[in-house]
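We just call them A, B and C in the order they show up, numbering each chain from 1.
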Amino acid sequence: MAIRTHLPRLRPLSKRIALPILRPYHSYDHPPPPGPFTPTESSILSAAIPHIPSHGFTHTTLSLGTKDAGYIDASTNLFPNGTFSLVHYHLYTQRLALAKHEHILSPALKEREKVPGVGWKVKALTWERLMANREIIHRWQEALAFMAQPSHMPTAISELSSLSDEIWFLSGDTSVDTSWYMKRASLSAIYAATELFMTTDKSPDFIDTREFLNRRFKDVQIVGGTMGNVAQWAGFTAHAGLNVLRSKGVRI
Amino acid sequence: MALYACSKRASYLVAHLPVYDFLAPSLLQAPRASHQIRRLNVTKRCFTAAGSSGNQSTSPSQPSRTPKSGPDAASNPAPLNKPLTQAQRDFLTSALRVNQAGELAATLIYTAQTPPIVSSHPHLRPLMKHMYDQEAAHFSTFNSLMAKHRIRPTAMYPVWTLAASALGWGTAIMGREAAMACTEAVETEIGGHYNGQVRVLLEMAEQMEKDGEEIGGELRELIDTIRRIRDEELEHLDHAVENDAKQAVPYELLTGVIRAGCRGAIWVSERV
Amino acid sequence: MASRSVFRSLWRASKLHPLPTRAPRCFSNSTRLAESPTQPSNHEKTTHFGFETVPEAEKESRVAGVFSNVAASYDTMNDFMSLGIHRLWKDHFVRSLNPGSSSTVDSPGWKMLDIAGGTGDIAFRLLDHATDINNSPSSTIIISDINPSMLAEGKKRSLATSYANSPRLSFLVANAEDLNTIESNSVDLYTVAFGIRNFTNKEKALREAYRVLKPGGVFACLEFSGVTNSLFDAVYKRWSFSAIPLIGQLVAGDRASYQYLVESIEKFPKQEEFRDMIKDAGFMVPGKGWEDLTGGIAAIHKGIKPVEKP
């Protein structure tokens, strides 16, 4: 019955899916599982990343990376996804690098300053992640083109949702109800839109992108607030009606 | 929400009423309930025996530790810490997700059941409050575990909210016995479900010990927490039976349907 | 009604192991037919020749016999075996390898080695890709085969290309298990297409491949493999064992060679097993180690020789 169903379930549910697992159990005692890249792949890709501003997301960049890491041109065959591995590696490493922003996660407070809330941290971390693209933003449209290919789209979407989850978690979000989904979905949409806007932004220090981001956050706040009010109103009305009936003696 | 406000009011009133000793109803209903309690104690012992037989193979539990955060774990490094396997992580994820969904449903069932039952049977108020309080504590325990371990809550959250409220309200309207039968059915399923989880976790712990790995305070605490919660759920089961759950009129049908529904909800929440 | 009986027969076919033919093998060029024992003696090491078990020493000559027979009609044979799709497979194989690619304009080009590539199918494609697409006129290739008739066919075909009598293309008669004329750590790309299943000792060939490749060099193998979908597998096996030897009989007058070819596909290790053999030889495999083609009828296996860290 219920007991029997659990025992054979130590087979991984995700055996058939080649995707990186979206919602892993995050353990504090045990080290995290190995990422999507082997040590060799990581060494080649990390050597290739500095060449992206000059050569873009192309096979040449990958070749330069293999050369720098001590391999030969033929070693680019190590990557079954070819040049998309560069995009994937960039997304993966920049997502993990978010945890290093100590000045956002545990800010040193001056006297009588308020502790920054979750919302402030989310906005700050999103901006940091966008700025991590600034070196390669002139090449980012090539990466977006790669991500739009049907064979690569699942990985791209999975990375986007992992990024959104990472930002919320690092900001200290502890919601575990339906708002969990709403928060991550809205942040994913905001981030994707802003990233796309940033590829065409030529303003100094990306001021226009900053304003764009603030406007998107404000929109979400308004929508979220309105929906919350509607839900609250509906709940109160229903409950009030129920109580009125009970006061009239209806046994419900 | 508003539902919680209602129960808060109820709890305020309860605090000012004499507390009935619902924890020992056998004193009030000794002859009828005795063989039922004996049967229940047997089943309870079966559950705990299954858990404890697995326990004998593990090392004696250490004194209770506070939840280990990252820095704490780093300062006391355990030998040979390998990452958890994909299967183990999947299991832990879906187990905690289902548990949270289950406790959500339980709190909502009690919240919905309390007003109709208490209005016709005021002496049950302390019992309902006690059970609700325990379920609320379980719910917050699992909520914090989910947030801590970054587990996605079930996407069926709003569906379970509606279903549980409807179930609680519906069975309460049918009468006290039906409400108690509903509690009995749900707690039986949940008790068995938690028992299965404890069994798998103990197997996991045994396997890790055999491989020479350190199990870690996290997993040990999880096992203890689920054990404790399982025992409390079974206690609710006993209360329900002592309050004439078996007297409900369409007993077989009611409990059958509710148990099947629970199993279906568990299956769905594990995956979605 | 009729469909049910068709399904039942297909299902039975998937369970059946087709019996090896007992028809005499007509190896007109083989001199050892009269001496070949039907039962190998107990103290010799044996291997499989299709579904037959033969002493290891004998397999080489029997394979030689098969290929000498089919050399002239190799392409026709492949067309029948794969309904013409083998051309697409070979094109995809070469494209995915991207030979001749480089980060600099004046690179020395790739040194490639095509094993069991007598007729030059893969070699010419590799050179074309390197020259036309990757602008690498200094990439070279050695075509190696154990069978001189196949190599002669390749030489004949090279005359129609621009590589005939150029230093970019050379031919070598050699056993893949012992490439003693090729230096260690000298080859960028080692390819073997539809050849490795005929080797007597695949592990030895893999170790030789490991030896001749440069650190970072690529071992690539295109070979028939296991169909992943069981229903499709049943249909495919039925086709292979019934239709192909018959077509060989009708078209080339050589049923036995085609029977051998089909049986050797069946005996070849499937995807995971072959990937593990490649790893055991010391290679790193990309991703899961292989790529299925046309539902698993063929598969491309790749391995990269690791670089020693200082």
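The criterion applied here is as follows: a contact is a pair of C-beta atoms (placed from the backbone, for glycine too) under 8 Å apart; a residue touches a chain by one contact, two chains touch by 3 or more.
On a predicted model such as this, the values are computed, not experimentally measured, just so you know.
If the chains shown are joined wherever they touch, the resulting network is a simple chain of contacts running from one end to the other without closing. The most distant chain from chain C is B, comparing centres defined as mean Cα coordinates.
Averaging the CA coordinates per chain and comparing them to the mean over all protein CA atoms picks out A as nearest.
If each chain is reduced to the centroid of its CA atoms, chain A and chain C end up 45 Å from each other. Rounded to whole angstrom, the centroid-to-centroid distance between chain A and chain B, based on C-alpha atoms, equals 33 Å. Separating the centre of chain B from that of chain C, both taken as means of CA atoms, is a distance of 61 Å. In chain B, no residue touches two or more other chains. In chain C, no residue touches at least two other chains.
Considering their complex, residues 1-3, 6, 68-70, 73, 78, 81-94, 96, 100, 115-116, 119-120, 143-144, 146-153, 155, 157-158, 169, 173, 189, 192-193, 195-197, 199-200, 203-204, 214, 216-219, 263, 266-267, 271 of chain B touch chain A.
Listed in rising order, the residues of chain C touching chain A in the complex are 96-99, 101-103, 107, 110, 188-189, 214-218, 220, 284, 286-288, 291, 302, 304, 306-307. The residues of chain A lying in touch with chain C in their complex are 18, 38, 40, 59-60, 63-64, 66-67, 70-81.
Chain A contributes residues 1-7, 9-14, 21-34, 165, 169, 173-178, 180-181, 232, 235-236, 238-239, 246, 251-252 to its touches with chain B in the complex.
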